[in-house]
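You will see two complexes here that share subunit A, one where it goes with subunit B and one where it goes with subunit C.
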Partner chain A sequence: MFGLAALTPILVRDAYFLDSLVLILLWGALSAAWNVAGGYAGQVSIGHASFFGIGAYSAALTVTRFGGGPWFGMLVGIVISIGAGFIIGFLSNRLKGPYFALSTIAFSQVLLIGVSRWRGFTSGAEGIPVPFRPGFATLGLGHVGWVYMALAVALVCYAVEVYLERSRVGYQLAGVREDEDAAEALGIPTRRLKVGAVTLSAALTSVCGSLWAQYVGFVDPTYVFSVDLSVRFALNTIIGGMGTALGPFLGSILITSLETYLRATFAGVKAGFTGIYLIIYGTALILVVRFVPDGLAGIAARVRVRRAHA
Partner chain B sequence: MSDAAPILALDRVTKRFGGLTAVSGVSFRVEAREILGIIGPNGAGKTTLFNVISGYYRPESGRIHFAGHDVTGQPPHAICRLGLTRTFQLVKPFGNLSVIDNVMIGALTRLPTVSAARLDAERVVETCGLAAHAAGHARTLPIGLRKRLEVARALATRPRLLLLDEVMAGLNPTELAGMIELIRRLHADGLTLIVIEHIMAAMMRLAQRIVVLHHGETIAEGAPAAITQDRRVVDAYLGEEFVLAQA
Partner chain C sequence: MDPARRLGPAQIGVLTQLVVATVLLGGIYALISVGLTLIFGIMRVVNFAHGEFLMLGMYLAFWAFVAFTADPYFVVVVAIPLFFVVGLVVYGLVMRGVIHASHNVQIFTTVGLSTVLQNVALVAWSGDFRYVRPWHLSTVLRAGSTIFNLTQVVASLIAVALTLTLVAFMKWTHAGRVMRATAQDRDAATLMGIDTDRVYRLTFAIGIAAVGAAGVLVAPLYSVYPTAGLQFVLLSYVVVVLGGLGDMLGAMIGSLIVAAVEVAGSYLFGAAWKEIFYFILFILVLGFRPAGLFGQRGAGTLGV
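Up next, the complex of A and B:
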């Protein structure tokens, strides 16, 4: 699948198509990053836009306010997100399930309000245009370059997921997700692992946020810190298959291409788009939860089992 | 530490929940390679005592020493690493994982690699009679086998002292005989055990010494035969019928 994505720019030069591919890979990587906390560690966050926004603003502000490069901005974002992820991860030791999810929403809303109000530094709700300077060091890439950049970050997130499926710490994390008390009795430091997973997830999300800011060329608080965005990371993963390495990418392919298609189809219908987009999300979620609770990756696994039995 | 030192020593351990004293000044010792039984009516504080020993609750007062370490107030995972672990009365399988993975997660506490832990888990699964179910999801097991899985997973952490919280409750006679057999075999291999159980017939066959809890306090301690003759124990827990049936 990733190989196919790598070959595409050689075969297809259509900018519109390549743009869709970049978005599919980027949303896939973001969902995979969310999956590290939500799927593997069982810490379902609906505030991951916080880390996305931190990454986006760190890159944008480093470039526009301090004259630094976007790579350095990305690093700043990682450091801040690790700090924020540590706090959120620590919260998960006190708050379980829905209470944890609510506290993550609150966190992203606090950032949204903070960044919107701090006009002198962040330009507030107007947002920041990120200048385009061609070159790898300034992340001013063409469409083909962006496909490979998005592919690289997608592969990194995918590799982290695969590691969590096969490694010692991955199995221990599965124990934490299934039953924390039982995991503790088996000698697993559950609190440390949860904080670690959430922090790693936050750092990966932040990297994607920084890249996104450079790719789109504009950041504004109402989008990058929105609950919509947090929900998107979660939904891609739930639809694709939580706690599976490929799931977030399958979810992203389905949802992102649907959305791109709908945007193109209903572009003329002014008020219609927002509603239709949400209806599609809702319908997809209902269908998945009703018919394939383990997601698209679950279907693939079931087909494989059936073949093995045949 | 000499060989004569007990593997576990409780010194006036007290645990309160608001106004309720669930465990009140309990002291006892467990010698290495012993099977200690804990009995008492529902609500006597047996499971609370397990939760305190294994680190889930921090006692308000008193000390707990295990294998030469003061483990009072330490987290469960640290206590497990020292060699003390427990099973849960309400079983807590990792339901969406396979039986072998459940046990392997326990083995990973001692072993650094997944492949080594998997080999070790296969051995433990075999010992506990779960080999036929190793690949199945833990949530599909019937209760008898879930209780076995609790024991298997705990064993995989290679404990020196294992706390069993009603692993025989809800078993049919065949399963019960199998569980008693398993516990005896583990004991013969050198494991020290503390067993909470309501099934007195099983307790009489397993325990070398019994501690009786009532309202959070120790009301009797001694050999099984002596315990069943103890007036307070008969009044508080066993009842006259038990004494008559024994006679």
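Up next, the complex of A and C:
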């Protein structure tokens, strides 16, 4: 699948198509990053937009306020996200299930308010346009360049997931997710693992956020810290299959294509597109968790089992 | 909007003014939170769409005001049965199927519901900020050195009356006892012949009716827009966690505490940062007393 994505820019030159591909890969990578905490470690966050926003703002502010490069901004974002992820991860030791989800929402809301109000530094609710400067060092890439950049990040996130599926740490995390007390009794350092998973997930999300800021060229607090965005990472993963490596990418293909299709269909409707799209999106979320809680990957696994028995 | 400042400057008796502001605000917060704590305590479901029902209540007040120049105080009378029915329908369509599901399924179901409701409002009524301006909004009451706004006083009084009615209902009626029994022990209640599905349906409908009524009452005090619910959601979580899950009197005390923090914080540092105070309070409570200030039975089933 990733190979196919890598070949596409050579075969197809259509800018619209390549843009969709970049978005599919970026959303897939973000969902995979969410999956590290939500799927593998069982720490379901609805505030991951916090880390996305931290990454986006770190890159944008480094470039516009301090004249640094976006790569350095990305690094700044990673450092801040690791700090924030550590705090959120630490909270997950005290809080479970709905409480943890609540505190992550609260965290993203506070960042949203903080960034919106701190006008002098962040330009507030108006947002920051990120200048385009051609070149690899300034992340001013063409469509083809962005496909490979997004692909690289997607592969990194995918590799982390595969590692978590196959390694000792991954099995320990699964233990924490399924039965924390039992895992603790077996001598698994549950607390450290949870903090680690959330922090790693935060850092990966931040990297994608920095790239997104450069790709789109504009950051504003109401979008990058929105609950809808946090839900999107979760939705892709749930549709694809939580705790599976390919799941987030499958979900991203489906949801991102749906978005692109709806955007084209409802382009003429005034203020309608986002609303209609999100209504479908929320309905999909309700239906999927109810009827196919293990997602596309789960269906695939069941089909495979049935074939094997037949 | 800043309730502490809205009440006007008071050179003398600032403290009285702040206390009165706290009580008025606390009364409204209690009605907002009491439905959440009821659903939380009895169904063991965190309703992430709670704020959206509040938003729908605000829109009801707005449209009733535009169409019939109906006063929000009177619209409340219509809102309670209306939102009760909305609660029944939403329970049947959405909540019923996930009531025994895992936390994650419940979280995402209500989050999905919240997204749907917000955007239905966006598509139907656009993202514009709307205002409800009944005559009493500009009427000022004076008592000694303290000044209050009539809208807020009446809204608060109605909210407190409704909250107390609900508390009395839970305490003294048969239905209330059945609901409390289910909250204490779902399995034992079933063994006693209680139809838990009916209890959940009733609980959800009452909870939604309460928050819908609260939405109507607060509509003149805040601007009305599709994501208006968000600003109240965080504070109602804080209230519910402070008071203890499913503890209605606890929620009333929690509301006063949150209101006091907001009023004092706004007075000292400016209203712009009130959500930050909520958040700090939230983290402190969750970190140190996750089962509420007074401790709480059944907190374990929510994984605290």
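Basically, the second predicted complex is superposed on the first by the 304 of 310 C-alpha atoms of A that agree within 3 Å, B and C clash if a C-alpha of one lies under 4 Å from a C-alpha of the other, contacts with A are read in each partner's own complex, and residues count from 1 in each chain.
Just so we're on the same page, a residue touches a chain if its C-beta (ideal position, glycine included) is under 8 Å from a C-beta of that chain, and two chains touch if they have at least 3 such contacts.
The structure displayed is predicted, hence computed values, not measured ones.
Engineer: Where does A:Tyr158 make contact in the superposed view: on subunit B (first), on subunit C (second), on both, or on neither?
Structural biologist: Once the two structures are laid over each other on A, A:Tyr158 reaches no partner at all.
Engineer: Output check: A:Leu102 vs subunit B and subunit C. Expected answer is one of first, second, both, neither. What do you get?
Structural biologist: second
Engineer: Could you look at A:Trp27 and tell me whether it touches subunit B, subunit C, both or neither (first, second, both, neither)?
Structural biologist: neither
Engineer: For A:Tyr215, is the partner it touches subunit B (first), subunit C (second), both, or none of the two (neither)?
Structural biologist: In the superposed model, A:Tyr215 contacts neither subunit B nor subunit C.
Engineer: What's your read, subunit B or subunit C touching more residues of subunit A?
Structural biologist: The partner making contact with more of subunit A's residues is C.
Engineer: Under the stated touch criterion, which partner chain does A:Trp146 make contact with: subunit B (first), subunit C (second), both, or neither?
Structural biologist: A:Trp146: touches no partner chain.
Engineer: With the two structures laid over each other on chain A, which partner does A:Ile188 touch: subunit B (first), subunit C (second), both, or neither?
Structural biologist: Touch partner of A:Ile188: subunit B, not subunit C.
Engineer: Shared contact residues on subunit A, subunit B side and subunit C side combined as an intersection?
Structural biologist: none
Engineer: Which stretch or stretches of subunit C touch subunit A in the complex?
Structural biologist: 46, 48, 94, 97-98, 101, 103-109, 111-116, 118-120, 122-123, 126-127, 230, 234, 237, 241, 272-273, 275-276, 278-279, 282-283, 286-287, 290, 302-304
Engineer: Which bits of subunit A are touching subunit C when the two form their complex?
Structural biologist: Within the complex, subunit A touches subunit C at residues 44, 46, 91, 94-99, 101-103, 105-107, 109-110, 113-114, 117, 227-228, 231, 234-235, 238, 242, 271-272, 274-276, 278-279, 281-286, 289-290, 293.
Engineer: Quick check: in the complex, which residue numbers of subunit B touch subunit A?
Structural biologist: 54-56, 75-78, 80-81, 85-88, 92-97, 101, 104-106, 108-109, 112-114, 117, 153-154, 156-157
Engineer: Touching residues of subunit A toward subunit B in the complex: what are they?
Structural biologist: Going by the criterion above, the answer is residues 166-168, 171-172, 174-175, 178-179, 181-190.
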